[in-house]
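You will see chain A twice below: alongside chain B first, and alongside chain C after that.
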Partner chain A sequence: MVEEHMHEVTHQVAHAEEGLKELANWITLVNEYRHGSVAHFLHHWENVVFSLTAALFLVGISFLAARKKLLIPTPLQNALELAVESLDNLVTGIIGPRGRAYVPFIGTLFLYILIQNFMGLVPGMKSPTSSLNTTAALAICVFGYVQGIGIKENGILGYVDHLMGNPRDLVGWIMTPLNLPLHILEELIKPLSLSLRLFGNVLGEDSLIAAFVGLGILALSFMKSPIGLPLQFPFLLLSLLLGTIQALVFSLLTTIYISLMLPQEAHEH
Partner chain B sequence: MVFAAGPILGFAIGWWVDEKWGFDPWGKTILSLLGFVASVKQVIDLIKKATKDVSSDVSEDTSNNA
Partner chain C sequence: MNLSLQEILTQAGAFILLVWVLKKMAWKPLLKLLDERRERILKGFEEIEHTKQEVQKLKADYEHSRAHIEEEAHRKLQESVDEGKRISRELQEEARREARAVLEKAKEDISLEVAKAKVTLRGEIADLTLAATERLLKEKLDETKDKEIVLDFIEDLEKLK
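Right, the complex of A and B next:
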C-alpha cells in the first residue's frame, strides 16, 4: 500500500516536473478548479497580472510613504528616503551630477524588478521576471530610453556620428563601414543580453525552489503527510540575495549604457 | 551572456539577410563574426567604464583623506 502510494507520488512529482518548472500560484489554482473565461483569461495573462500586482504594490507603498511628509519621518518614509538616496548615489556616482535626471527611470526599474523577483518567494505568487516576455519588455524599454537619450543629448547627426565611432581622421572614415554595423549590433546586443540574463537567473532560482519543494513533499510522502519537509528554505535565502543582485545588475547596466550614450564631456569629470 | 548574445544576434540577422538577398552563407558567417567582435568590444567598454569609476572613487577618497 505504502509502495503504491510512493509510486503514485513519484509519478505525480515527475509529471509536475515535466510540465511545470515553477510552483503553482493562485492563478494556476483558479484555472484548475474554475473553467470559466475569467480563469482562462487570468491564466493566459498570468505574467501581466503579476507584473501589474508588483506595480500596484509599489504605487501603494509610495503613496502611503509620501502622503504625509514629516520632518521626523515615519519608518516607511525613512525606508523609502533611504532607497531613493541610495539609488541617487548609485546613478550620480557613475554618470555624475547630470545623472540625477535619469534617477526616476533607473530607480523605478530597480524597485520594480526587485519586487517582481521577490514575488516568487511569496506562496501563491509568481515572479513575472521568470518569463522572457516580461524581461524582454523591460529591456526594450531600456533600449528605447537609451536611444532616445542618445538622440536628445547628441542630436540626430551626433547620434549617427556616435554610431559611426566618432570618425575624426582619414583612418576613422575608412573604418566607418566596419564601425557602423559593429555599433548597431552592439546596441542591439544590449537588450538581448539584459533580458536573457534576468530571465535565466530568475527562472533558474524558481525552478530550483520548485524542485526542492517537490523533494520535500516526496520525503514525507511515506507517512501521507499533508505538508513536506522545508528543504527549499536555504534556496529561498539564496533567492533573496540573487534577486537583489539581478535587479542591481539590470539597473547598473542601464546606468552604464546611458553613460556611454552621453556626450563625452558630460560624463567625464 | 553578452558573449553569447552577440553571435546569436549576428547569426539571426545574417539568416534574415541571406533569406532576403540570397547571400547564403556569407550573411550568417560575416554577421556572426561581427556579432562576436561587437560583444567583445562591449565587454571591454563595460570593464573600462567600471574600472574608471572605481579609480575615480579611489582618487576621491585619497584626496579627501589627505
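Right, the complex of A and C next:
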C-alpha cells in the first residue's frame, strides 16, 4: 500500500515538474548551444552541480570567516557568528543543552537549504531544491541521522520500545501491534513530507518567477524589446521570504524529530 | 523528471561531506569561540562587580577613617584647647603669685624703709631737740625770742616730715 502511494506521489511529482517550467540557467544554455559529452554530463548532473556550488560557497565563506577566529571579529566572522549563535540558540532552545551536539548538522542543513533556495534568484543559476532528488537526499540524511540518534541514545531495545510506543501497562502492550506499524510509518512519512514540502514550495516559487519573466517579455514583445518588464520582481522578494521560511521549517522539523527521538529524561531538560 | 537513486545518493553523500567539513572548519571552532567569549564577558562582568564591591568597601573604609580622623582631630584640638587653658590658668596663677610676692616684698621693703626712716627721724629729732635745746640755752634772752626759736623748731620738724 505504501509502495503504491509512493508510486502515485512520484507520478504526480513528475507530472507537476513537466507542467512547470523554470528559468534557463547557464547549464541549460551550455547544453543548448554546445552539444557534447561535457554539456550532456553537466545537464544530467545539473542539480548536483548547483548543490556542489552551494556547498563550495558555504565552505569558502566558513573558511574565510573562521580561519582567524578573532576575539573582535571581522564583519564576515561577525555575520557567521550571528548565524551560528542563532542556530545554536534555536536548537538548544528546543532540545536543551544536549542539543549542542546536533547544532552542526541542523545548522549546516539550514544554511545549505537557504543558499540553495536563494540560488534560483540569481540569474544563470538554479535552485537545486526545486528538484525532488535534492530534497529527498536531504530528507534521507535527516531520516538516517534521527534514527541513528534514536539507536545511540536509547539503545537498540530502547529504540524498539520507542517505536512500540513505550508500552508500560497491559493496554500499552495490547496496543503495540497497532502502535509499532504506525510509528514505523510515521518515521517513514517524516522524510517524505519534508522533501515534498521543500520541493513543492521552491519549485512553485521558481516556476512563478519564470512565468512572470515570460509575461514581462511578452508584454514588450510587440516593440521587439531585448528585455522584458520586470514583472517577477515582487515574487523575487516573496521568494526571499519563503526560501528562508522553508529552510527554517525543514531545520525546525528536523530539530523536533531529534527531540522526540531522545530519551524522556533528556526531553524534560 | 523521475527520481534518480544515483543523484539522490550523490546529493546525500555531498551533504554528509559538507556537514563533516563545516563541523571541523566552522561549527566547532566558532561555537568554542562563542563559548569562550561568553565566558570572558561573564568573567569581565564578575570582575567589574567584584571591583565595584571593593571600591564600595574602600569608600566605606575611607569614610570610616575620615570620620575617625575628624573625631581624633577634634579630640586633639579640644585637648590642645584644654591644655592651653590649663597653661594659661597656671601662668595667670603664677603671675598672680609672683605679683603677690612682689607686693609682699614691696610692703616689707616699705615697712623696713618706714622703720628705718622712723629710726633716722628719731635720731634727727633727738639731734634737733638737742640742737634746739642747745640754742635755747645759748640764746635765752627774752620770751619773744624763745617763742621764735620754738616756732623755728616746729617748722624744721614740719619740713622734716
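Keep this in mind: the second predicted complex is superposed on the first by the 249 of 269 C-alpha atoms of A that agree within 3 Å, B and C clash if a C-alpha of one lies under 4 Å from a C-alpha of the other, contacts with A are read in each partner's own complex, and residues count from 1 in each chain.
Convention: contacts are C-beta pairs under 8 Å (C-beta built on N, C-alpha and C of every residue); 3 or more make two chains touch, one makes a residue touch a chain.
Quick caveat, the model's predicted, so the values are computed rather than measured.
By the touch criterion defined above, A:R197 reaches chain B but does not reach chain C. Shared-chain residue A:L64: touches no atom of chain B or chain C.
Applying the stated contact rule after C-alpha superposition, one finds that A:A55 touches chain C and leaves chain B untouched.
Using the contact criterion defined above for the overlaid structures, shared-chain residue A:A219 touches neither chain B nor chain C, since it reaches no partner. Within the superposed three-chain model, A:I94 lies in touch with chain B and out of touch with chain C [touch as defined at top]. When the two structures are aligned on the shared chain, A:T108 is found in touch with chain C, with no touch to chain B. When the two complexes are superposed, the chain touching more residues of chain A, out of chain B and chain C, is C. By the touch criterion defined above, A:E85 reaches chain C but does not reach chain B.
In the superposition on the C-alpha atoms of chain A, no part of chain A is touched by chain B in one complex and by chain C in the other.
Residues 10, 14, 17-18, 45, 47-48, 51-52, 55, 58-59, 62-63, 65-66, 69, 71, 80-81, 84-85, 88, 100, 103-105, 107-109, 112, 128, 131-134, 136-138, 140-141 of chain A are the ones touching chain C in the complex.
Residues 93-94, 181-183, 185-186, 188-190, 192-193, 196-197, 200, 253, 256, 259-260, 269 of chain A are the ones that touch chain B when the two sit in their complex. Touching chain A in their complex are the following residues of chain B: 1-2, 4-6, 8-10, 13, 31, 34-35, 37-39, 41-42, 45-46, 49-50, 53, 56-57.
The touching residues of chain C, when paired with chain A in their complex, are 1-4, 7-12, 14-19, 21-23, 25-31, 33-34, 37, 40.
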